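Structure first, commentary second.
Note that the chains are named A, B, C and D in the order they appear, and that numbering of residues resets to 1 at the start of each chain.
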Amino acid sequence: MLFQGLVGLSEAMYLWLVAAGLSLIFGVLRVLNFAHGSLYMLGAYFAWVAFRITGSFWAALLIGPLLVAAVGWGMEYGFLRRVYRVEVAFQLLLTFAFVLIFDDLVKLAFGPVYQSPPTPAALSGAVRIGRSILPTYHLFILAVGAAVGLGLWIFLEKTGFGLIIRATAADREMARALGVRSSRLFTWVFVLGAWLAGLGGALSMPVRAISPGMGEFIIIEAFVVVVLGGLGSLRGAFVGALLIGLLHAYGLVFMPVFELALAYIAMAAVLIVRPWGLFGAREA
Amino acid sequence: MAPRRGISRRNFLQSSLALAGASALGAPDALGAPDLKLKKPIKVGCQCILSGPLGGYGEFMRKGATLAMEEINAAGGIGGSPIELNFRDEELKPDVGVKNARYFVQDWGADFLIGIDSSGVALAVGEIMPTLNRVLIVTHGATEKYNEDLVYKKHIRQCFRVCVPVYQDGIASALVAKDLPVKRWATISPDYEYGHTSWKMFRAYLKQNKPDVEFVGESFAKFGTVDFSSHISKVMALNPEGIFSTEWGGEAVTMIKQAKLFKVFEQTKAFMIGMGSAMDVLQGLGPDYPDGVWASGRYYFGYPDTPENKRFNDSFKKRWDTYPSYPSETSYTALNALKKAVEKARTLDTDKVIEALEGLELSRPAGPCVIRKEDHQAVYAVPWGQITHDKKYPMPTLTNLKIFKTEEYYRKPPFAPVEG
Amino acid sequence: MTALLEVRGLHKSFAEFTAIDGVDLALPGGGITAVIGPNGAGKTTFINLLTGKLAADAGSIRFGGAEITRLSASARVHAGMARTFQVTNVFPLLPVEQNVAVPVLARTRRSLEPRRRFDSMEDVREEVRGLLATVGLGERAASTAAVLSHGDRRLLEIALALASRPKLLLLDEPTAGMGAGERERMLERIRALAAQVTILLVEHDMEVVFGLASRIVVLHQGKLLADGSPQSIREDARVREIYLGEASVAPAPTTAAGAGAPLLEVEHLDAGYQASHVLHDVSFGVARGGVVALLGRNGVGKTTTLRSLAGLTPPWRGSRIRLQGEDIAGQPPERIAARGVSYVPDDRRIFPDLTAAENLRVPLLALKRGGWTREKIGALFPPLATLWERKGQHLSGGEQKMLAIARALMTAPSLLLLDEPSEGLSPLIVRILVEALAQIRKEGVTVLLADQNLMFARAVADRALVMERGRIVYAAERAQLLGDQSTLQRLLAV
Amino acid sequence: MKLVASALLTVAVLLVPAVSGPFLQYLVLNMLLLALLALSFNLLFGMTGLLSFGQGAFYAGGAYAAALSLRAGFSLIPSILLGSVFAAALAALIGAFCVRHTRIYFSMLTLAFGMLVYAVVWKWTDVTGGDDGLIGIPRGAFFEKPERYYLLSAVLVLVSIAVLHRLSASPLGLSLRAIRENAERAEFSGVAVRRTIFIAFVTAGFFAGLSGALLAPLEQTISPSAAHWTKSAEPVMATLIGGPFLFAGPLVGAVVYLGLKEIIVRFTEYWLLVFGLVLLGMVLSFRGGLLGAAADLWGRRTRA
């Protein structure tokens, strides 16, 4: 039974990577990026292309997310920054337009068929845990998720750039008065968020079928995670992702009838009791 | 707003090339089709899933239908009238399907409707066919309710289907399973009607044939599941000897890849997947597809070994540079069935064409086939087989084919409820 | 006869901060009572508790003989209590007449009526017209509230409050940010209203308070300090002290400043928020190396002046702000910061989740340049030296204040803008601050500070500018600051 | 002017069956139903300032209740009414939780409840038919003729639009706008804010339900996708396209949204791409047209 939880946690890691970027972007830019799932999809496709060219999974893992980061740069620099001052609903509509555009562009470029390169040999083994078998790839994902969590923590807590990000997220105006060039910072934060989503997509490439529209399945769950954990809180996104992963894994065993609804039940329950989420800042 | 014209004009050259291949199928004499003085062109509205993660299905359907149209038109059309096709995205939503059907008939002027991937859409569109009064030939949606309820019980005569329904997934599979050395079965299947029904049928018919089997567990995955790890570990914890699955499309690809990571194929004696021989799954998994998995579909390109099938495969490959998937064959067949029925009825009148279609015998790529009068279901055999990797093909193929007599697994009127 | 309003043992704290600490007050009804007190005394919290915007932690509020402590805000309105807000609070995108129709319909219990058109309800229209005439907005009935002048919007707010036909009207700084003419108009209206309704007034403008009130209540640090007639309050020594500051802060010796060209020249600065015109043609200069104090009571435009200089509230067209000869008016705040202007807001704005040390690093990282070191800061503000690793949110108010100043100094600015440095600080911290400012100017930093506390200004500044209603009305050189302060006291005290 | 426009619209809508083919008639009815859904959504969004992402729940609630009632043998008009009332009851249940929330929290909570309803509809196969939905919804012999059903629906939608329009000009409408503009000031003007929002929520649920209740017999089928968030996004898009600040905005938006989609799919299979680009252009070029006027107004408000 503990094993089932471990599997759930490994599933949660993809969600965590997407939710981390989503939450980071919301925390600093105050924009809810509907197209974040599409960036995850692009991560998978770019990594796949890189894999086909280089033949190396590791090269793909490096190149794919970087290309997504470049797309993120274009999105922020070319479009999003024009709408920071308009109502949230229109920002949402803008990012939704990107969902539609990316879906079809991917289909135009790669066709609607499933792409799925083989799992890298080094990671296709498995380890025995008691009577159960856990794939090496799942261990790898757990390690990468934890490493990214740790890396983000170090980045935000221990580096200068991270400090600037935290300061700007907390009080944009004061940060600017102290000299923070917020528009440049916004671009970089968006690029980082896009990179995280792209990494999630690239990691999913060898173990999940890649297809246009694959981002739509993950974006709403990522929203749930981010809202559950508290908008803008990375710790919240991490805990939220783990929670959803565990809920899913154990929900399948104990309450399969509710599997479809569990995440939403959790979200509604948290919102009713603590509207600002588990780790979010309470707004006045 | 001019409607999108059929592909025929743009691809006229290719159509001419396909001419030779066409002569053998459907019409006995390609250039000698009788001129029935029907309206020109004959319009066929096609809908299938063209966007999102399952868009590959629509793509294969379109390729099949387009090939059929090109061949038929090159051979003089249906009774002298060329066919024109129009494709619309059904988005897997019943309301969109209904709207498309209405558009085709009421605005575009469709004479026939074919296509539909989702069972839900097939049922919804089928339901309004009396109003639209056109023949609808479903090429993929597999729910048994379509032929058993809509046609047989509710007498909606306009509804036909040329693909094998869930009988293939749920009943023929049981015929395979009864000879396998497996007593403890579990399933990972889609959490909707299709997944539940096929599992129910599988259990019922397997139990009949092999009373000592046990069904130890089930895990149903919601539509849009991107990771099956939890489902796999849940089911594997119950120690099954065989896994039965009706996941399809990208979800089948993901599920099998992940099952492989979990060493499911080493730990179990058999793995069966109803839609596993669909071309998108074969291509999607490629070298990752484990040997020995039992797979089937609604048509498998390698069966039967007949001239019709070979010709179909050859022209399909020539035209599209890929092997056909089952929606390609079923949509190809749907158009050829229409041609044959119209030329038999010598009119486009819906009632007459229905009469001509009822009991129609076809020699389709998938083999000999008859459209049953009672429920308008095309009856033909599709093999189950085991995955193998044959160097001759760029993707995995099936070996050790098991073909059953259709009487053994096609449910028959009066369609008694499945006990399970 | 029971009092109209009876408050007993009212108590309210926010986290560790006690805003209202056991206040008792009875209003018999009739007349105008003013609540005054320096910044942070708890005046607005008090009104918020009375009107139900905040829930009291302890104590009771009785109104018209009935207990209302637990009623919702809208229920208190129905009971006969209406209010205005410190920051103008109307329905900006609705026309003026619809603004007023909202409370009229609510009072007559028709807010939820879905069937009739509200503009066809003759009685409502008539009453709205009457109310607008009462406050003198009859002409503007069809205008959108957002386009009204600031003064007109404050009048509209009063009309909104009156529409509820209150027995008690609570006005929170009704003349804040108004021009002279507008203010006169407002005073007349309030005086006229006093004939019909009991008024409780919170106000900083002492001319307004003494021109209107028949009774004055003084709050200080959440407690009731004094209560009596205007005359008795004027003569109350404790009241004088809290307004003008402790006499114990000795003036620091200052070197003569002003050699060379002025560092900062402000000319014709006009600024404000939307339709609210806060600063009117403000012009002054700050000499290099000097410490200039902007004095004035709350709401006279000191903060807006500093924010305009820092680029946070963009100056209006035609304003000129020259820093070392270059015009910086209208530049974004980060650009201005890069030019060496550091801003310390009155509410400190410490990043709560960052440690003290991290707070200090933000400007260094943002501007990519160094200046002061942590050691130097520690020498300047000894209490901070042991707190580097504590999170901003866990520092006390005084510590936060020091940290905010330290943060602004880190990049060695040429101009330091200090908003209300002495506000709410203990005498000990104030002394540290005075010494620190002396040290800061020795380092060659020019300081422009805004404060209400005359004694503090006297201790640190070599020049003082007094603001009233968005204008600079008086300039005092060091000699006047130290010598005869009668004019300054008149302008600043109660 | 407005009167003339609405009279013309009414006449045009009622004349559709007389002058057009069945598909255009069907398309217009679809537009009317989306317009009604969007108008009900905008009662919360444009008027009250609350972006609901779960109107699909009430739309589906109305559709399923009406469909079940029809299948149980009740006649058309009572079934439609029943559907709307059921949706309003559902809205009351959900609204009790939602009215305490504002801004993004309100949106997310409505999204959560919407998806809960979706899950219930999907799983409660015995009643709802599960993922296949309910098919073969009868609408009675008299209304079997599409023109008759069209006229009935069109009249009901037009009456609803008139009711909503009246509501927007009523004291209730004013109270809602006051809450949107400044909820605190509304409370201190004596408006019981939460109760007022609750009433708006239930009213919006009622009309969303009516839209659904009219859809089910039109399609003669209803499936869980009616409750999915992608359905809830449709009135949001229609409203944003048309402009949330004018009463007619959602109406115009619904016509533009469906019309545009219908046109695009006739030209290209890549309709997502084209539609996405059109949306992108609309959001970025606020300054002109109906949408622009509304957005400018809105932008000014947010800066306030």
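The rule we apply is simple: a contact is a pair of C-beta atoms (placed from the backbone, for glycine too) under 8 Å apart; a residue touches a chain by one contact, two chains touch by 3 or more.
Computed from a prediction, not measured in an experiment: that's the story for all the values here.
Considered apart from chain B, the assembly holds together by touching as one piece.
Contact with chain A and chain B alike is made by D.
In terms of the distance between Cα centroids, chain A is separated most widely from C. The mean-CA centres of chain C and chain D are about 46 angstrom from one another, to the nearest whole unit. If you average the Cα atoms of chain A and of chain D, the two centres end up 32 Å apart. A straight line joining the Cα centres of chain B and chain C is 74 Å long. Note on chain placement: the centre of chain B and the centre of chain D lie 37 Å apart, centres being C-alpha means.
In chain B, the residues that touch at least two other chains are 50-51.
Contact with two or more other chains is made by residues 103-104, 107, 260 of chain A. Under the contact definition stated at the top, not a single residue of chain C touches 2 or more other chains.
The list of touching chain pairs reads A-B, A-C, A-D, B-D, C-D.
Remark: chain D residues 166-167, 169-175, 177-178, 181-182, 184-193, 195-196, 199, 203, 297, 300-301, 304 touch chain C in the complex.
Residues 310-312, 332-334, 337-338, 342-343, 345, 349, 351-354, 358-359, 361-363, 365-367, 407-408, 411 of chain C touch chain A in their complex.
If you check the complex, the residues on chain C that touch chain D are 51, 53, 72-75, 77-78, 82-83, 85, 89-94, 98-99, 101-103, 105-107, 110-119, 121, 146, 160, 163-164, 274. Taken in their complex, chain D has these residues touching chain A: 45, 51, 97, 100-101, 103-105, 108-109, 111-113, 115-116, 118-120, 122-123, 229, 233, 236-237, 240, 244, 270-273, 275-277, 279-280, 283-284, 286, 295, 298-299, 302-303. On chain A, the positions that touch chain C within their shared complex are 160-161, 163-164, 166-167, 170-171, 173-182.
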